[in-house]
Amino acid sequence: MTMTPGATAPVRLADIVSGLGGELHGDDQRVITRIASLESADETSLSFLAQARFKPLLQATRAGCVLVRADMLPLVPEGASAIVTPDPYLYYARLTRWWLARKRQSDAVGVHGSAVIGQGVVIHPTATVGAFAVIGDRVVIGEHVVIGSHTEVGSDAVVGSATRIASRVAFGHDCRIGARGTIHSGAVIGADGFGFAPFEGRWEKIEQLGTVVIGDDVDVGANTCIDRGALDDTVLSDGVKLDNLIQIAHNVRIGANTAMAGCVGVAGSARIGAGCTFGGAAMILGHLEIGDNVHISAASVVMSSILKPGQYSGVFPIDDNGSWEKNAATLRQLHTLRTRLRALEKKITP
Amino acid sequence: MTMTPGATAPVRLADIVSGLGGELHGDDQRVITRIASLESADETSLSFLAQARFKPLLQATRAGCVLVRADMLPLVPEGASAIVTPDPYLYYARLTRWWLARKRQSDAVGVHGSAVIGQGVVIHPTATVGAFAVIGDRVVIGEHVVIGSHTEVGSDAVVGSATRIASRVAFGHDCRIGARGTIHSGAVIGADGFGFAPFEGRWEKIEQLGTVVIGDDVDVGANTCIDRGALDDTVLSDGVKLDNLIQIAHNVRIGANTAMAGCVGVAGSARIGAGCTFGGAAMILGHLEIGDNVHISAASVVMSSILKPGQYSGVFPIDDNGSWEKNAATLRQLHTLRTRLRALEKKITP
Amino acid sequence: MTMTPGATAPVRLADIVSGLGGELHGDDQRVITRIASLESADETSLSFLAQARFKPLLQATRAGCVLVRADMLPLVPEGASAIVTPDPYLYYARLTRWWLARKRQSDAVGVHGSAVIGQGVVIHPTATVGAFAVIGDRVVIGEHVVIGSHTEVGSDAVVGSATRIASRVAFGHDCRIGARGTIHSGAVIGADGFGFAPFEGRWEKIEQLGTVVIGDDVDVGANTCIDRGALDDTVLSDGVKLDNLIQIAHNVRIGANTAMAGCVGVAGSARIGAGCTFGGAAMILGHLEIGDNVHISAASVVMSSILKPGQYSGVFPIDDNGSWEKNAATLRQLHTLRTRLRALEKKITP
């Protein structure tokens, strides 16, 4: 991540391997203007072969340079350069970050004149606070933090170093996020958990007195909601990755490096282990436990605790509407069918 | 709710029972610094026993004081104080509100200098309008209302007394909310309903001319959307509670005290009764009717009207992925299986 | 769409047929104050009969004027006027737009003094930019565009003519939208796609270097998210209509005039054809293809490509909770039941 050229200077392959390593085959003065898929790449593009099954795309690419494993080097088209690395997809990930970091070097730092800053706030001089941001009393903002425009950081909140909060985020009072995190636009961290006591047919609100505590290297997607705890805190461990439009209810705890795709919902007080993955729109009911390395398929609903690692699914298979109607109608009598089957079995083999 | 001490003064048990009632057993000068679960409580915490099945936690707690029913008093650990009340969970709910109200006494009131206020607006002198709020023409804001920063209240809207609208809410023109409501950050009240007329393979927009009318004591969660009606209004009755990321389409009507957990979706013109509950991610199709006291389980899909009170469910059970694949594949032939079963039955008992 | 009277002048039936056509039966000086459903209309309301099955409502309406097909004219109540048109629903759609356009004529244009405008921005003099909007460097805003308050348009973005972006939208850098579009409050266009490379049990972020490209006549609902592409762009073709709280992941491509109801999720790199419809909360997994004119029912999950036009469904039927529990439990043994059935069949007809 060092020795990046100025943002306006052209990028040469020499710059890339100098910054990110790898074994270069070809002209190190070749200029690269963009990173592209094998299919859409041209002679100033750098591309990559992530999986061996895309070999035909590699052989047909017009990319100026490709990232490949050593065993794929013979398949690189003549005239193209190559960077050999044991994990091209990982190299690609790091290259995108190096690429963007070059652009961002020119971004301004400092507090925009229109921002409203509370009392006793500590903002590191290398941090950036955008237009119309509202920073509550006693907030602490670490070095190289970026706070987007229209974002509100509530009183007594803490934002760790190098964390980027996009525009239009609500980051609630007393909530904390560690270092190197990202929160995308529209996310709401620390709204009230959904807590009410029933009383005479109405609902009496239970004020939510906990906070949200987020570790290091956590990403939170656009319009995702993470509610504050009722009494104790809602906790996201280091390395958790949340996509867009996810609902994390109060007092949920999520273990390290667990990742959730868009539209997932986790109900209150669920405890989720480390290293788990959740497909889009998976739903996790409340007060249950999911162990480490459990993988839930998209659109599946977890209704009781799952402690054993593995892949779990539960989705009604889609079909043409007529077939679905017939099968769904029969499904409502499935228990009866089993009883009839059992009766038949008894008759035949008594 | 009276006689609260100053926010900075320590809270003593005497203050609590003076404000909220209950029968105190123990030292009324004991200082309480937080409300906590039985498990995480310490000697300056007040905790509660909500359900008899948590008795072992009560017996092991280190809480300085616990809320209990009279019959649980003998189980309170020696040295701990107790407040006896017929419904400890309800007492806890009220205690959280009393607790927070003490803190909020010190909040500033008034209109922030950066807010943009339209013409003919009526803002009660006890109301608060946050930084960068935009209040449209002829809006009426009642007493003790709080409007958060970056919130836009559209022209001719009405916000009833003591309602709190958080930061970054869009509250559309002509929409109304009653007293003592809460709208959390990111909620969008009064966006256009999804209405289009098909014409020659394209969609012609139908402008949505209705509004959203919300009763008293209604809570709306973070990033929840309530669309304005096409011609008539979308209506939420008194006491409705909506969690985060809920979609309420145009012309939906929801009866009093109905509660919906996160990620629920209600399609256009559905009519939902009073006293209903909807688990997370339940989906309600359009133009149907749900009667009073109907309870829909999480992730269940309502495809036709349900008028009879009761609990309804419809979720594919989750399983290890291999088992699910086999059962899901068979499910696509379920109707055929029934036919085969019937044929067997005829052969055996003709 | 011409010859609209001033917004404050009363609307007469003569104004409507002059602007929108149709054959008027009755007094062309009758004043109309609102558009209403047949049920809630009164003598100054204009209503419409969209489907023949609502004939009884037509016969009972108190509307001052109704839009009807010629064959329905005899059913119009005595005393009511009528406008005869071959497609009353389409006429109604156009009437709502004509109606609202009259009101909007009085809206102010220009850039609000509080907006923050970057360098090299081109804003057409007929465009409107609201309070506290933030417009990045080199943005191009076309004629008659409306940008709402608190909306951020990132650097190098392009907003086509007559497109309306509501308040509190995040429209990301380098993203583009064509003409006559609508983006509702809270939508996030161009947040990062959810891309990470696994590395030693952690996730390494892949910066998302693509953009979002949106065609003409596209509607995007409140709090809907459309992520930027990883390398190539995420693309919405002309005439696409998205409701609220929809998630469109990176590199998705959606064909012309496809419409999606609320809470739909589309995972990364899915390619969706033209003229499709998706019911609410339908979920589309990643890297698959959906052909033209495919219709997916609400809450159904698409797990593999569907190329053949038609209606597809996959939803567990809802039932009273006790029945569901029994059938769901049996469903987990369905494959075994099939095996037992086959064994029986062999015994009986060997």
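Every chain is named by a letter (A, B and C) in the order it is written, and numbering of its residues begins at 1.
Here is the rule we use: contacts are C-beta pairs under 8 Å (C-beta built on N, C-alpha and C of every residue); 3 or more make two chains touch, one makes a residue touch a chain.
Labels paired with UniProt names: A, B, C = UDP-3-O-acylglucosamine N-acyltransferase.
From a predicted model like this one, the values you see are computed outputs, not experimental measurements.
Participant: Think of each chain as a node with edges to the chains it touches; is that a line, ring, star, complete or other?
Facilitator: Graph shape here is complete: every pair of chains touches.
Participant: Can you check whether subunit B and subunit C touch via the same residue numbers (shared by over half) or via different ones?
Facilitator: Comparing the two copies, subunit B and subunit C contact each other through largely different residue numbers, since under half are shared.
Participant: Just give me the whole-number Å value for how far the CA centre of subunit B lies from that of subunit C.
Facilitator: So the centroids are 26 Å from each other.
Participant: Which subunit C residues touch at least two other chains?
Facilitator: Correct list: 132, 150, 168, 186, 223, 245, 263, 281, 315-317, 319, 329, 331, 333-334, 337, 341, 344, 348.
Participant: Quick check: in the complex, which residue numbers of subunit B touch subunit A?
Facilitator: Answer in residue numbers: 34-37, 40, 87, 89-90, 92-94, 96-97, 99-100, 112, 114, 130-132, 148-150, 166-168, 182, 184-186, 217, 219, 221-223, 239, 241, 243-245, 257, 259, 261-263, 275, 279-281, 298-299, 315-321, 324-325, 328-329, 331-335, 337-338, 341, 344-345, 348-349.
Participant: Can you name the residues of subunit C that touch subunit A in the complex?
Facilitator: 116, 132, 134, 150, 152, 168, 170, 186, 188, 191-192, 194-197, 199, 201-209, 223, 225, 227, 231-232, 245, 247, 249, 263, 265, 267, 281, 283, 285, 296-297, 300-303, 306, 310-317, 319, 323, 326-327, 329-331, 333-334, 337, 340-341, 344, 347-348
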